């Protein structure tokens, strides 16, 4: 019985490590790739919306500088991480290449936008945040559209 | 003799019938009073049965009565084997005399 | 005086135990992802912890025996040791999460990397356990934790559509695009966050430390019936805040900072200040509870002197276990292991381990030799049996769900 | 024949349920280990029932109860520690027992029990070196 429990614990820890270390596995099909693209877009959208809210409370005086700054750097890290993980997934075919290009543009903008907010917050210029966050609203809409239909081609051109 | 040497030992009658394993020992406190005024304990009988999990929990002895579901799962009344009924005892086996068991219970 | 502050044990258990890093994260994350449609899991967890803690507190008051005494006594040395291993591991995991939680809370007000705070937090936890009296600890952190009530005010201030929140909560459905396994995985996380085993280790040991007796059973009830529902209410308000602010935007909660955001939006700096004080009190309280629980469980299994009732030198091995646990927590914490992930694993595994400690308590609460007239009545037993079955099902389902959902991702 | 606690003579005690794994409490109310085994004296007369002679407490007896590989490992540690001193595993004579309840109360001082050597060692070598070890909490 004791051995069974120990074995059980080993399995749990092993699974936990595997899950922790491998958030994304290689994509084998277009479907799979689309799925991963959607997940990435979803996670980046989440970070952008968080950053927008942070900018809002920062500029309106509803939060302390350090708090806003922490939240923006967390969002920034999250975007960069999601971007890095997605970049490392091998696109299986030409359709996937198109998805990759289209999402890549959005991810770059997200990353730039959030990084800029982070820098401004670190400088203590909280009053500028809300204005600076305005372009992110449009970006959020486009990410939303991408999530709904990642395969659609053409609107990605900027 | 230690308690741990008794627990889990298979109990058979002189006729070869297997009664189960020792799960608990019933002690009676009627020995000589010690220095602290607390009477000594005498080993009166062994509780013998087929399953032991309920023993530790207290269902076998009857001190725990509920809840219904657990009682139904764990309550197995044990056979009480008086110490006097034991005719032979080794590390792995206790032989009891059925007649002496009936006499004293 | 004792009676007036008597309920602080319940409040501390509720604030530092119920509302801890696990609840802060789990409730906000589910609120953001599922709206209010998993509120039932919180309610189920609150009722469960009330049933469990009430029994453990009653047994401790009548017999002076805390949870792990009874685990050893009713499961024996062998099964008790396996139980100790599992419970200690999970409590340790929770301690790591709580210490990191305190550090993350400090990061929110200083913008200094939380890793730098971890050793300081560990030292502070040890110092409080070493020097501060149990009742002082209870009162200070219990009352400070009440700052979390600001999250309820915040939800009201956000002017949500109450009828829609209620409809969501009372007609739970799995949202489109979400799988059933993930939904139930989150339900288990909420359940485990509400019914974390160390809460009961701490509560029952606390009852012994406070020298409760049979005459304090009313106090036991007051603590349980007041403390845990309050904790549940706070959990639900965290969930509702996230449901109102994050759910419509598709935001996922991955950081402690986000948990404070609904309050900041609704109540500004003052609200934010309150909620961060609440974070510190809850996570620090929970760090104390888990560190003590590491000592309680091991000492009670081996029969060593434990507790803060005696001088540290009188309970040497207990204090050695406590300080070693804190050291381990700090060392693991500073490896930059993701504290939120640790938290998630700790609550899910908590749910899986619950039957191990619940079962012996239920048995002893039915032992007439022990409890006399204070054994479980038929109604209590019916509810307690329902939870016994539920906990077993949850425990069996946890690991498969964890694998199937890749831990809810 | 009543004990000081008003215990009636002839009371029945289940050894596994009511003695084994129970908490020992010393004369000053301090916790002093668990009961890990019970030792009986057996008379030469085969009809005379065995009587409880002592309660055993400590790592050796615990290891025996746990059994398996882990139990054997624990037992080997115990043997190595025990080899440095020539004392029997911790026995608490039945005459030192004051009462049996949710715990077993002893007339002995915890510091005189062999099973509490570990506690004393940790106290003397580690805990006493830390400032404040002998103070009441504030």
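Note that the chains take the letters A, B, C and D in the order they are written out, and that residue 1 is the start of every chain.
Everything below uses one rule, namely that a residue touches a chain if its C-beta (ideal position, glycine included) is under 8 Å from a C-beta of that chain, and two chains touch if they have at least 3 such contacts.
The model shown is predicted, which means the values in this text are computed figures rather than measured ones.
**Q** Looking only at C-beta pairs in contact, point me to the busier pair out of B-C and B-D.
**A** Result: the pair with more contacts is B-D.
**Q** Greatest Cα-centroid separation from subunit A: which chain?
**A** Taking each chain's C-alpha mean as its centre, the farthest from subunit A is B.
**Q** Report the chain closest to the protein's overall CA mean, measuring from each chain's own CA mean.
**A** So the chain sitting closest to the middle is C.
**Q** Between subunit B and subunit C, what's the gap in Å when you average each chain's C-alpha atoms?
**A** 42
**Q** Roughly how many whole angstrom separate the Cα centroids of subunit A and subunit D?
**A** Chain centroid spacing, subunit A to subunit D, equals 60 Å.
**Q** Can you work out the whole-Å distance between the CA centroids of subunit B and subunit D?
**A** That gives a centre separation of 23 Å.
**Q** So what's the Cα centroid distance for subunit A and subunit B, whole Å?
**A** The answer is 66 Å.
**Q** Going by the contact rule already set, what residues in subunit B reach two or more other chains?
**A** Residue numbers touching two or more other chains: 56, 58, 63.
**Q** Could you say which residues in subunit A touch two or more other chains, in rising order?
**A** 2
**Q** Residues touching two or more other chains, restricted to subunit D: which are they?
**A** Counting only residues that touch two or more other chains, subunit D contributes 20, 65, 68, 70.
**Q** Touching residues of subunit A toward subunit C in the complex: what are they?
**A** 1-2, 5, 8-9, 11-12, 15-16, 19-20, 23, 42-43, 45-46, 49-50, 53-54, 56-57, 60-67, 69-71, 74, 78, 144
**Q** Across the complex, what residues on subunit D touch subunit C?
**A** 20-24, 30-34, 36, 57, 62, 65-68, 70-71, 102-103, 110, 118-120, 122-123, 126-128, 130, 132-138
**Q** Subunit B touches which residues of subunit D in the complex?
**A** So the residues of subunit D touching subunit B come out as 1, 3-4, 7, 9-17, 19-20, 37-42, 47, 49-52, 56, 61, 64-65, 94-99, 107.
**Q** How about subunit C: which of its residues touch subunit A in the complex?
**A** Residue list for subunit C touching subunit A: 78-79, 81-82, 85-86, 89, 107-111, 245-246, 249-252, 254-255, 257-258, 260-261, 264-265, 267-269, 272-273, 276, 338, 341, 345, 349, 399, 402-403, 406-407, 409.
**Q** Can you list the residues on subunit C that touch subunit D in the complex?
**A** Per the touch definition, subunit C meets subunit D at residues 63-65, 69, 72-73, 76-78, 80-81, 130-134, 136, 299, 302-306, 308, 310-314, 316-317, 319-320, 370.
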